[in-house]
Every structure is written in structure tokens, then in C-alpha cells.
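Note that chain A is present in both complexes that follow, paired respectively with chain B and with chain C.
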Partner chain A sequence: MLRDVYIAGCGMTGFGRAAGDLLDILEEAALAATEDAGLFSEIESVFVANMGAGILNHMSGLGSALVDRLCLYPTPAELVENGPASGGSAAKIGAYAVGSGAVDVALVVGGEKMRAVTGWEATDFVATLSHPQAEYIYGVTLPALAGMFARLYMEKYGITPEHLARVALKNHENGTKNPYAHIQQAVSLDGILNRPEAVVNNPWVAEPLRMFDCCPVSDGGAALVLCSKEVAEKTGKPLVKISGIGQATDTHAVHEREDPIELKAVQLAAKKAFEEAGIKPSDVDVAELHDAFTILEIAESEQVGFFERGTGHIALEKGETSLGGKLPINPSGGLKARGHPVGATGVAQLVEIAWQLRGDAGERQVKNARTGFTCNFGGFGNNVLCFVLEREN
Partner chain B sequence: MTEISAYTCKDCGKRTHVRHSHCPACKGTSFDEAPLSGKARLLTFTRVHALSLDYEDRHITLGIVEFEDGCRALGRLYVDDPRIGMELTAEIGIVRVHELEEVKGLCFK
Partner chain C sequence: MAQLEEVLRPQVWEFPPYPAKSIMLASGETMVIRQAKREEVPVMLKAAAALTHVERDFYDIVAARAYAELLGWLRYRVRDEYCLVGLIDGMLVGLVNGRSLSKKVGVSYHTIAMRRGLRIGAHLFASKMEYHVEYLGQQEVYIVAESPIGFRRWMIEYGLEKRPQVHHELGGVMSWSLTRDLYFAAKDRLVVGERPVSDELLEKSATITVLEDDALIQQVAGKLK
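Let's turn to the complex of A and B:
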């Protein structure tokens, strides 16, 4: 980028089931971020991230709709759709708009209203991102793709159902400290795995994955105000810089990958983000990874470079990724507990890291966090965005 | 539909089930199309319990296989005790009934 880009404002709605419609969600998140930044009329461009309004809510043209709701016209606005990585993509495009010098202030808003339909309809909607002839026609769902991935990953590296459950335990525990989280309830190994009644509490979804290995279906929105350094300094807030952005794609159909458990887009996006920021994975203090399924947190923690291959579950077991550990992962509760309104997730990850770096994360604050990382995983790993954020002052 | 195709790159011989404009191996642009059939090895699988209303079954099994020529595909598995590495035979069959229409695809037995 030609110049540095900063996060001047962050906002979120409570994730879960929203009373209002999708536009209400986008409005609430946008106003929270603009109020946080103290910038509103200064906004020169609006980027809305959403995956499924056309299917789920019978709505389109969300960029224009939000600008109208906020009476921000004639500010340019558009909708960015990149599956579950829509939020990361909108943030990237917003950052590039500021970084190129085209605008000084951009508003990025991600939102989704998924609970307008039944759970199955929401699952089927997400499954439409799979390959139409080679995957979707067979009844493939994202949990099914994750199940096949998990079976291979677990067999290769000795990961047990207990390791997967421990991701859920950690992230649910973190979710209890996040007032915006969809699920603010801790779970126990006995309750979801060990006791006989666990098979009722935690039924199979796509073997070897059970319900508590999967994120919930959520409504929610998140927003960021991005700006130049000159504008950020005037806000009087701690300076949080977007110091690295990486994006990469991979095959649409998972079976076409040379090794189905190699998440090449994750590896490449992370590498590019770290290189752009000029830091190493070991420099990161706090991370938000895309744990749509518990296995993905373990796999991503290795494939972005935090842990050696095959040791992510051991770091988890030792508590290294818990709050208070060496590298807390998903202090927000992650997709597992904060929830996964697909278009909002990439933005929500950045909001959480910005709050962590500003020291605004409340009970779940990671001490002395100066450098943060996000991984927003689109498709089943076929379009991935990673960000490095750093606190400057 | 009585057959499912695979595409063989005329330049390097790479065979894929998914149709591409460019070969994923050599970027070649000419392909021979031929039916995908024969024996295949199971690479991974899952038994899916959360199913759409299209299915009367309590669960279905999906798997990814590799054919003897290296071509890979996903399909329905019709074996009682699937194991990674087991040999399967591909057939074309009904994989789903969607809005009263039969959808045909790869079935592995």
C-alpha cells in the first residue's frame, strides 16, 4: 500500500438472534463504529460485506441500502461478497481504498441475518459455495467437508475427539467473557463427551464431528472505520495499524487438492500478511482464527505458522492457546461461541483484535497485546484472508 | 445422465473430474472428455447425520476417492464399514431426490 491504514473505530452488535432485519443489524454496527471513531460525515466510501441476503432475506443492493439508512449519500458504496470471507474481503478493499490515497476515511460493515430461515436452510445456503456439480449435488454441507478433513487430520497427527472438544471448551469459556457472543455458556468434557448422556447433548453432525465441533448459526454485524494516519491521530485513540494483509485462493472442489489436509490458501495468505508486516508468527500476541469447526482452529494454528505441524493440539492441551497462555487464540470465543454470521465474521475478528490491542477487551483482555492476527477462511479454504494488526503508540 | 465425465489434458495427461479452461498442472487448454469409471481407492469419508429434507435416510456417507489413473472425485459411499485406503468400484446412481427430481452422480461400492 502507498500509505499506512489505521482502525479508528470499531463496533459490533450482539451476535445470536436479532430482533430487527438485516438493515437494522448493519445500521447498529455502523453507528457503533462511527461513534467510537468520532467520524461520520468524514466517511468517503462504504463497503458492506454480506454473503446471503439474496437467498436468506430476499434483499440485494445492501451498500446503497445502508447509505440510505445512514443518509450518507452521495458517498460511494458497494457490496462485497466472498462467502464466509466476505468480511475480510471488504476490510481488505476498504484498507486498499485508504492505503491508495483514494479516500481518507472508509466505513466497512459486515452483517448477516441467518436465523430468518430454519437451521437446515441456513446450512444448505452455506453449502451453495461448494462445487455445484462435483460436491453440492451429493448433499455436501460444510460440516461434511470438515468431517472428511477432520478424519484425515486426526488420523495423521493423533488428534482425538477430546482434543476437538477442548477447542470448544476453551472458546465457550472465552465466550462467557464476551458480552457480544452468541453463546455465553461454558461447557464441560463430561457434558459433551465423556458421560453417557453426552451422545444426546452432543449428537453427530458429520463424523467425526459432533454438534459442539460446529459453530452456531448466527445473526450479527460488525463494523470498522478505517483511515489515514493523519485522521487517526486526531481521534485521540490508541493507534492500531493494519500492517499486513494477505489473501490466497485454492481449488473450488476440495478433492482436487494434492493433499486434502494442506490448507494452501491459509499458508499463503498468512505468509503474505506476515511478510508485509515484516514480522514472524512468533511475534503475535493474540489471534482470531476461523474455527467454524474445532478441527480448523487446530489446523490453522499450525498452517499459519504458530505451531509446528502436528503440534497444534498439544499446544491447546498445554493451555498455550487459552487466555493467559503464550498465544491466546480466539479470546472472543471465536466462531464457536461468538457465533458466525458469515458476512460479519471477518470484520468481527478484526474488531476483536483492535479492541485487544487498544486494551478495550474487558474480562478477556490479553495482557500487553501489541500485535494481533486474524484468519478469515472462505469456502472450505478456497479463499482466505489474513491480517496483521499492530498497536503503534 | 448415464455417465459422469473426466477431462484429460492433451498436453500433460493430467486427468480431472472438474472441468477447467486450463489444466491445473500445465495450464494446457485442450482436453479429451471421457466417462469416469472403474476402481478407486478411498482417501477419506464422513457419515453425514445433519441432512436436508431431500433424504429419507438417517444418514448418508460421502467420500473422496482416487481412481487408478490419479483422477479424484467425491461421491456417495455404499459400504457398511468404510476404511481409508479400501478399494471401491464407481457406478452411476441416484444420489439425491431434489424437488421430486432424481439427481444422478457417482456412487462407490
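Let's turn to the complex of A and C:
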């Protein structure tokens, strides 16, 4: 980028089930972020992230719809769709718009209204991102892909169902400290795994994954105001810089990969983000990873470089990824507890890290957090965006 | 008056009681499921009444109908009705009710979960089926669903059989049946709990308490976000 880009404002709606429609969600998140930044009329471009309004809500043209709702016209606006990585993509494009000097202030808003349909329909909608001839027509859903991935990963590295459950325990506990989280309910190892009751409390979804290994279907929105350093300094907020962005893709169909448990797009996107920021994974103080399924938090924590391959579950077991640990992962509750309105998730991850770096994360605040990282995982790892954020002052 | 009341009241079949059991929930809390006593109906009516205006997930129709059924039981106007309650430290977190149509056939009325996300409704419904099949020894239970959640939980999870010829007491919608075979086929994955319940837990569950109306409504419907 030609110049540095900063996060001047953050906003979120409560994730879960929204009373209003998709535009209400986008509007609420956008207004929260612009109010936080103290910038509204200064916005020169709007990027809206959404994956499924056409299918779920019978809506299109969300960029135009949102600027109209916000009375921001004639500000340029567009919709960015990149599956569950839509949020990360919109943030990247917004950052490039500011970083190129094309605009000084950009608004990035991600949102999804998934609970307008049944859980079955939502699962089918998300499955439309899979390969239409090689996966979707055979009934492969995202939980099914994650189940197969989990089976291989667990066998190779000795991960047990208890390790998966511990991801859920940690993230649900974090979710109880996040007023925006969809699920604010702690769970116990006995209740979801060890006791006979677990067969009902935590039924199989796609073996070896159970219900508490899967993120919920959520409504929600998140927004960021991105700007140049000159503008950011005038807001009086702590300066949070987007110091690295990485993106990579992989084969559409998972079975075409040389090794299906090698998340190459994750590895490449993370490497690029770290290189651009000029830091190492060990410099990161707090991270938000894309735990749509518990196994993904463990796998990503290794493949972005935080832990050696095959040791992510050990770090988890030792509490290194818990709040108060060496590298807290998903202090927001992650997708697992904060929720996963697909178009909003990538933006929500950045909002959480920005709050952490500003010291605004309340009960879940990671002490002395200066450097943060996000991984927004699209498809089943076929389009991944990673970001490094740093607090400057 | 007493004579007339005798005419108005239904005959009673003294059916065997449902033995209390305890279930650990996903949260690690222990829920006791026990049979409610007629004199406990007023406190359950208070909880049901609070939910009669919650449109979300059809709580309104389920709560309103359950209210009427429980009132019918309290005032001796329904034959062979029973109610099982789910309690965490005495706090009412759900209830199920039903009645016996005959010694061979049971009728499922309603299931109300007063805390969400912990499969309390699933546990209570399973206990209701357990009661009909294993303790009352009935051959089948007639069931209808008033919400998509109920339909998924009962009709699909138990693989219920359609009974279009049966007019269920809850109206003209499609009736379904849980047969003994279906129950025992589903039992391993859907029916859990520990017996006997310790004296300490039984003591904690001896008196039913309910949340204040606003808190209960928020617990069920959430803060709409």
C-alpha cells in the first residue's frame, strides 16, 4: 500500500437472532462504527460484505441500499461477496482504497440475516460455496467437510474429542464476557462429553464433530471506519494500524488438494500478512481465528505459525490460548460462541482485535495487547484472508 | 353442590408415579425431573401465563394451551392428566404434560423449555415418552407439533408414525404416534438420566420457584438484538 491505513471506528450489533431485517442490521453496525469514529459525512466510499442476501433474504444491491438507508448518497458503494470470507475481503478492499490514496475515509460493513430461514436451509445455503459438481450434488455440507477434515487431523496428530471439547469450553467461557456474543452460556466437559447425558446434550452432527463443535447460525453485523493517519490522529482514539494483509486461495474441491489437511491458503495468507507487517507469529499478543468448527481453531493456530504442527492442541490443553494465557485465541468467543453471520464474521474479527488493542474489550481484555491477528477462512479453506493489526501509540 | 361437582369431575385412573431422575446439562448444572403435584399447579400457571404473549417460536400458543390444560387439571376437569417438571435447584426450567386416553394409549400435550440452548425441552419430552411407555406401559402415544422446533425434535428425531385417522385433542392437525418399538429404538440416543435422585437434590427440588415474568420472558425470547 502507498500509505498506512488505520481503524478509526468499530461497531457491532448483538449477534444471535435479530428483530429487524438485514438493512436494519447493516445500519446499526454502520452507525455504531461511524459514531465511534466521529466520522460520518467524511466517508468517501462504502464496502458492504454479505454472502447470502440473494438466497436468504431475496435482496441484492446492498451497497446502494445501505447508502440510501444512511442518507450517504452520492457516496460510492459496493457489495463484496466472497463466501464466509466476505468480511475480510471487504476490509481488504476498503484498506486498499485508503492505502492507495483513492479515499481518506472508507466505511466497511459486514452483515448477514441467516435466521430468516430454517437451520436446514441455512446449512444448504452455506453448502452452495462447495464445488457444485464434485461436492454439493453429493450432499456434502460444511459440517461434513469439517468432519472429514477433523477425522484426518485427529488421527495424524493424536487429537482427542476432549481437545475439541476444550475449544468449545474456552470459547463459550469467553462468550460469557462478550455482550455481543450469540451464545453467552458456559459449558462443562462433563455435560458435553464425559457423562452419559452428553449423547443428548451434544449429539453428533458429522462424526467426530458434535453440536458443540459447530458454530451457531447467526444474524449480526459489524463495521469499521478505515482512514489515513492524518484523519485517525484527529479522532483522538488510540491508533490501530492495519499493518499486514494477506490473502490466498486453494482448490475449490477439497479432495483435489495434495494433502487435504494442509490448509495452504491459510499458510500463505498468514505468511504474507506477517511479512507485510514485518513481524513474526510469536510477536502476536491476541488472535481471532475462524473456528466455524472446533478443529479449525486448532489447525489454524498451527498453520498460521503460532504453534508447531501437531502441537496446537497441546497449547490449548496447557491454557496458552485462554484469556490470561501466552496467546489468547478468540477472546470474543470466536465463531463458536460470538456467532457466525457469515458476511459479518471477517469484519467482527477485526472489530474485536481493534477493541483489544485499544483496551476497550471489557471483561475479556487481553492485558497489554499491542499486536493482533485475524484469520477469516472462506470456503473450506479455498479463500483466506489474514490481517495483522498493531497499536501505535 | 358437592353432588353436582361429583358429576362434573372425571373418573380417575390411579396411574403409577413417575420416579424422579437427574440429568446433567451441557452447562454442568443438574436438572431434576419429577412429577408435579396438583397443588403445585398455581405456580406453574404463573410461569405459563407470563409466556402467553411471547410470539417467538410459538411460545404463545404452547403456553396458552398448557395454561388451560394445567388449569383443567387443577379444577378436576381433565381426566388422567399429569405434569412433569424440570428443576435446577428448585427453579422451574421447563415442564411437560399429557394424559392417558386409555390404559393402552397416551396423549402428549405440551413441552415448554424455560431456558434455551441446553436441550431441556428434549430431555423433558423424552421423559414424558419414558413415562408413557415404561411406567404406564402404554402401547403408543399420540403427538402433534405446534412449532417447527417441536416438529424437528419429535417427528424427525423419533421417526414418529403418521396417524391421520386419529383426532388428537389439540385440534385437526396431523397426528403422529410414538409406538413402543419407536421408543425403544430411540431410547439409547434420546433418553437419559440417573436414578435414584439423591436426597439432597430431591430436597432442593421439593419446592418449585419461578422467575419473575420479565426475567422469564427475557430468558425465553432473549434480548431481541
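Basically, the second predicted complex is superposed on the first by the 393 of 393 C-alpha atoms of A that agree within 3 Å, B and C clash if a C-alpha of one lies under 4 Å from a C-alpha of the other, contacts with A are read in each partner's own complex, and residues count from 1 in each chain.
Everything that follows uses one rule, which is that a contact is a pair of C-beta atoms (placed from the backbone, for glycine too) under 8 Å apart; a residue touches a chain by one contact, two chains touch by 3 or more.
Predicted model only: the values in this text are computed from it and were never measured.
With chain A as the common reference, chain B sits beside chain C without any clash.
Here the apex is the CA centre of chain A, and the angle it makes with the centres of chain B and chain C after alignment on chain A is 80°, in steps of 10. When the two structures are aligned on the shared chain, A:Asp124 is found in touch with chain B, with no touch to chain C. Once the two complexes are overlaid on the shared chain, A:Lys177 sits clear of chain B and of chain C alike. Once the two complexes are overlaid on the shared chain, A:His163 sits clear of chain B and of chain C alike. Of the two partner chains placed around the shared chain by superposition, chain C is the only one that A:Arg195 touches, whereas chain B remains out of contact. In the superposition on chain A, A:Pro203 contacts both chain B and chain C.
Contact with chain B, but none with chain C, is seen for A:Leu152 once the two complexes are overlaid on the shared chain.
Using the contact criterion defined above for the overlaid structures, shared-chain residue A:Ala18 touches chain C, although it does not reach chain B. Of the two partner chains placed around the shared chain by superposition, neither chain B nor chain C is touched by A:His340.
The gap separating chain B from chain C in the superposed three-chain model is 9 Å, by closest C-alpha atoms. For the contact definition in use here, the residues of chain A common to its chain B contact set and its chain C contact set are 203. Against chain B, in their complex, chain A makes its touches with residues 120, 123-124, 131, 133-135, 137-141, 143-144, 147-149, 151-152, 155, 203-209, 251-256, 260.
Note for the complex: chain C touches chain A at residues 23-29, 117-119, 122-123, 126, 148, 188-193, 222-225.
Chain contact summary for the complex, chain A toward chain C: residues 13-19, 118, 183, 185-188, 190-192, 195-203, 212, 219-220.
Within the complex formed with chain A, the chain B residues making contact are 16-18, 24, 43-55, 59-60, 62-64, 72-76, 84, 95-96, 103, 105-106.
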